[in-house]
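The first chain written gets the first letter, and so on, giving A, B, C, D, E and F; residue counts start at 1 in each chain.
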Amino acid sequence: MRLDELNWMDVEKYLSHEDRLIFVIGACEQHGYLSLLTDVKVPMALADAASQRTGVLVAPPVNYGVSPYFLAYPGTISLRLNTFVDLVEDLVRSSYGQGFRRFLFLNGHGGNDSARARLFELSNQLSGMRLAWHSWWVSHSVEMVAQKYALKPSHANWLEAFTFTQVAELPEGEKTPPAVRGLLSAEEARILYGDGSFGGPYRADEAVMDELFAACLADVMQLLANLN
Amino acid sequence: MRLDELNWMDVEKYLSHEDRLIFVIGACEQHGYLSLLTDVKVPMALADAASQRTGVLVAPPVNYGVSPYFLAYPGTISLRLNTFVDLVEDLVRSSYGQGFRRFLFLNGHGGNDSARARLFELSNQLSGMRLAWHSWWVSHSVEMVAQKYALKPSHANWLEAFTFTQVAELPEGEKTPPAVRGLLSAEEARILYGDGSFGGPYRADEAVMDELFAACLADVMQLLANLN
Amino acid sequence: MRLDELNWMDVEKYLSHEDRLIFVIGACEQHGYLSLLTDVKVPMALADAASQRTGVLVAPPVNYGVSPYFLAYPGTISLRLNTFVDLVEDLVRSSYGQGFRRFLFLNGHGGNDSARARLFELSNQLSGMRLAWHSWWVSHSVEMVAQKYALKPSHANWLEAFTFTQVAELPEGEKTPPAVRGLLSAEEARILYGDGSFGGPYRADEAVMDELFAACLADVMQLLANLN
Amino acid sequence: MRLDELNWMDVEKYLSHEDRLIFVIGACEQHGYLSLLTDVKVPMALADAASQRTGVLVAPPVNYGVSPYFLAYPGTISLRLNTFVDLVEDLVRSSYGQGFRRFLFLNGHGGNDSARARLFELSNQLSGMRLAWHSWWVSHSVEMVAQKYALKPSHANWLEAFTFTQVAELPEGEKTPPAVRGLLSAEEARILYGDGSFGGPYRADEAVMDELFAACLADVMQLLANLN
Amino acid sequence: MRLDELNWMDVEKYLSHEDRLIFVIGACEQHGYLSLLTDVKVPMALADAASQRTGVLVAPPVNYGVSPYFLAYPGTISLRLNTFVDLVEDLVRSSYGQGFRRFLFLNGHGGNDSARARLFELSNQLSGMRLAWHSWWVSHSVEMVAQKYALKPSHANWLEAFTFTQVAELPEGEKTPPAVRGLLSAEEARILYGDGSFGGPYRADEAVMDELFAACLADVMQLLANLN
Amino acid sequence: MRLDELNWMDVEKYLSHEDRLIFVIGACEQHGYLSLLTDVKVPMALADAASQRTGVLVAPPVNYGVSPYFLAYPGTISLRLNTFVDLVEDLVRSSYGQGFRRFLFLNGHGGNDSARARLFELSNQLSGMRLAWHSWWVSHSVEMVAQKYALKPSHANWLEAFTFTQVAELPEGEKTPPAVRGLLSAEEARILYGDGSFGGPYRADEAVMDELFAACLADVMQLLANLN
């Protein structure tokens, strides 16, 4: 269930028996041939599926994240670090004030991880809170699938090429991952990465992607169960 | 066309002949019996319709706005003023850097208007930019429709009760608008507003709502045409 | 009574029987042929008059406001949005800490309205506070006077041309209000507005101005009475 | 000449032959038996006198400063350090943008000195600027007068007891200066300082005060001349 | 060579032929039985050794980092996320302004990684800069040594138990790593981690530590060579 | 005793009988022929000596301060005012949370004094705290030594030329102090100050320096005793 399907009375009822909430944290940034909103679509799909199974509410997605290194790719819209972590703080404080206590942050973008530092600060201030931050691809399950099919997971390659993130035909074959040295400016990143993928196969069989999604969903289910 | 249906190459093509972009700015806050995301859904529907007619791109919605006075209603998730205006600044700077020059902010929530002050500051720094901020219900057209049917527009009454914002049965009849004195705290606002509507009829005929939507869409079309 | 006529012992005595305080919030910005401090002078005059009748204390004026769009006019000195709202917060917190509880913000400048968002945030944090924000010209009374004499009120026209805001001879006649599209940069605003007035008659008869002032003062008296 | 006596056209004319501007920076804080606005009144009087002699413009005073240690005295209204230095930055940037280049900050309150750090930062960013910060009582001239009459200058004693800062009868005689150890909280400061004076004689002969004022004015005249 | 052994003339000479600079970024936080400054001592030792071999200058260490989760352990002194990233930005801007262009951040503490987001932002603003951020234990070399001796590296275990970080006798044997769920508050972390080590062997043979140090130093040497 | 020689258990023991802590606040900035870290080395030496006599703990030094005016001298690395005061706040809050209550800030750099304003703000928020801020050269004792030997103390002259701050041969003789008008930009400061000393004798006899150090140490001992 997403918040947008409810009114406040529904949420009040929900809070009488449940205090978990899922925040979907994404990005609007280049993903090679894939949708600019890939980092929203994947965790949102996982959140929806987990919500269907558990009834845990899903807040509307944060559609923008921290992507300064991709700003030379048109369509990348990035928040400054400070803006982003302030926003994450506001999400927690607002809902904590109403009785939500256990939060799962389902994150779709690596650049957003800095928000954890702010969440640690918050956990020292708001008592009785439970916080989990999960970047869906940082997982033993994902590694397992990747190893099983000998596919190296990376930004904007097969790993993120679900049916629902594709907006154009994907290239056949593989891309050689470019060698990166140090922290690149947006200009340098565009030159280095060209089409935007970090390399490896552009796509995998639909069956593999289904297996991947199922594995990731199991992770999320586990995390929701662990939020105690 | 929404950004999420495109990849960066599509946006690069778009920028070769067009530099307008629509930002949908909403809120996640109580709307009485209506959806908590009403302030996103209305401007998003308008943006989609206008985009269909003009081809102007629509960025993913900002799902959270400035709603401190509704925080005692469960499901209201509010950004601090600073967080919100910083976010708006980041949207502009990111896309300006890629060649977008004319921005229409389609705003769904009155509390967000403070962002205009920051946009004025930005317009002094980024040359050749055109900015319009439009709160869809602040319009001669809306007044006309309201007067024609003798319906007073207000927060969470008929004005926002489109088919697509309804998530529960709406009450019949009217609510007497409560008298407000000064700036209320969230606790006081909840006591004063009860179900959350600011009063007046809870709903209007579907034909009225269609007329309203058409009028609002015409406003948006005009604003897009004026962005020169 | 203004704070500058008192020492701290006087204020301590005052707080033993009264907890209201008037803050005058202005701007230092172009007002066409009128004083650069027009937005301070008008609310200050109202505050002084109301203070004389009620004994409510008046804090020293905030002489600078949010006027980024007029920065191309010499003598306009503008605070950034953040600076300004932080300042307003500090005024409230300092005096709340000493026992003041009911605050009337008498505002002289439209660009300052963003501070209300911060005041709402504060009202969620400081209990037992009463806050009113009043922009003196946003009033049914002002509309009545304007309609009675068929004078359209606007920035730097007759509306603000009191005896005490005039620093130069005013032009005869009327100015055609320029058509504004979108949010203007300071450079664009200066080109569009020329002498700085937003159009309409430059002045009204002194009797009209007296009537206007009396109506505005009645508003302020009512607001002070309502602060409960 | 104060800005409030002018309109923007006057300032434009001024800027055609002069680029100096005086900012009066004060505080609203306890001064024992003296006016809560003493730290505005003194530098404002000096600025007005210097302006009369030189024609250099005086901007409207900043009526609030950094006085956290006096917050337990009713009527003290203090800005946080950050608010205050941001405000000072905005004053400089706004007027620099219009052609002002040489700024004299006439400061009435010791707690405001931190703003100098920000002014140094600004001087690295805005070329061709000349900045002077003068706390009127930190001066060889003041020391001379004090020594001549064997009067020790201190907060809220004779040093600030001009005719125009007195709002109540002053005590006869002297107060023994309390011994201060470390940085006091507002509560501790009120207990320690009692009536608010830092000790020494409460008043001096009017002739001494005239001599003091003349000496301070000479300092300001010299600073204005040196601003090259 | 450390900056503290030089005066500014020495640095000016250095800049005539070299533009690299090493910043040592640490933390002051609990490390079980090891020194509270472990996260400074290790990267400082590596920086000194690399500097001896290459002549690249080492700036004075940042002795405090982002450690909110350890604040319940006495002696842990943590910077807020914002403070820390602002500080890192200031280091870069100050030295960039003098001609330094290639910066190696030698980081001793995992919680500091958020600074990379700010560094990416800076790399979009300061042209011709080369930035590398290296957390010394995040390295293939370290993994190799760990695997070779079947030692699992973790916070405050053998991995950080160099001679120069020991300030007390270390326990014999191993600690079972506690299972962590979600983001812990400082109180929870102290309860969970007890003595502060994250588990595994408390120490390794000195020969192993020498091998580890040599491997880490080789990493740093490579990074300095790659900074082009 | 410095924190780096201890682990957290040691600090816990310390806190069972003592709650004082010394913070050494320095700068990394040009000091003429002396070390760039002079402003760290002097207060650190004093802190170490006082710690040896009293057992009061010394936190790791803050190696960077507020030195915008020296940024044109290579090797000067300056924090913005805001960064610096936020850092100082974090030091206090972190250690206060663990039971430290009495803090002596031993400051080596005049530009850091602005932090006192923030410390006053903190003292209003954290009860039972004792704070002292001491810039080691601002002292009657230092004046006495200076007068005794007819040496005028100033930045980067004999006053700071201890054995342990010297990194190069010092010039013989004296430098005529340049006349300063107003607040200088970094570029102007470099031109005015040349080698970086503010003038006067470059060095004094070792016996004088020993006497100076002893006098300064006595000050620190007194301050530690007074922290009640």
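Operating definition for what follows: a residue touches a chain if its C-beta (ideal position, glycine included) is under 8 Å from a C-beta of that chain, and two chains touch if they have at least 3 such contacts.
What you see is a predicted model; the values in this text were computed from it and never measured.
Path length between chain A and chain F in the touching-chain graph (shortest route): 2. For A-E, the equivalent interface within E-F, B-C or A-B is the one where over half of the contact pairs agree by residue number, namely B-C.
Of the two chain pairs considered here, D-F and A-B, the higher C-beta contact count falls to A-B. At the chain B-chain C interface, residue numbers used by both copies make up over half of all numbers present, so the two copies contact each other through mostly the same positions.
Averaging Cα coordinates per chain places chain D and chain E 47 Å apart. Computed from the mean C-alpha positions, the centre of chain C lies at a distance of 26 Å from the centre of chain D. Those residues of chain D in touch with two or more other chains are numbered 71, 80, 82.
Taken as a graph of touching chains, this assembly forms a single closed ring in which every chain touches exactly two others. The assembly's chains link up in one ring whose order, counted from chain A toward chain E, is A, E, F, D, C, B.
Residues 66, 68-69, 71, 80-82, 85, 111, 113-114, 116-121, 123-124, 129-133, 181-188, 226-228 of chain B touch chain C in their complex. Here chain E touches chain F in the complex through residues 3-12, 14-15, 28, 30-37, 40-41, 59-64, 71-80, 82-83, 86-87, 89-91, 94-95, 97-99, 167-168, 195-196, going by the rule given at the top.
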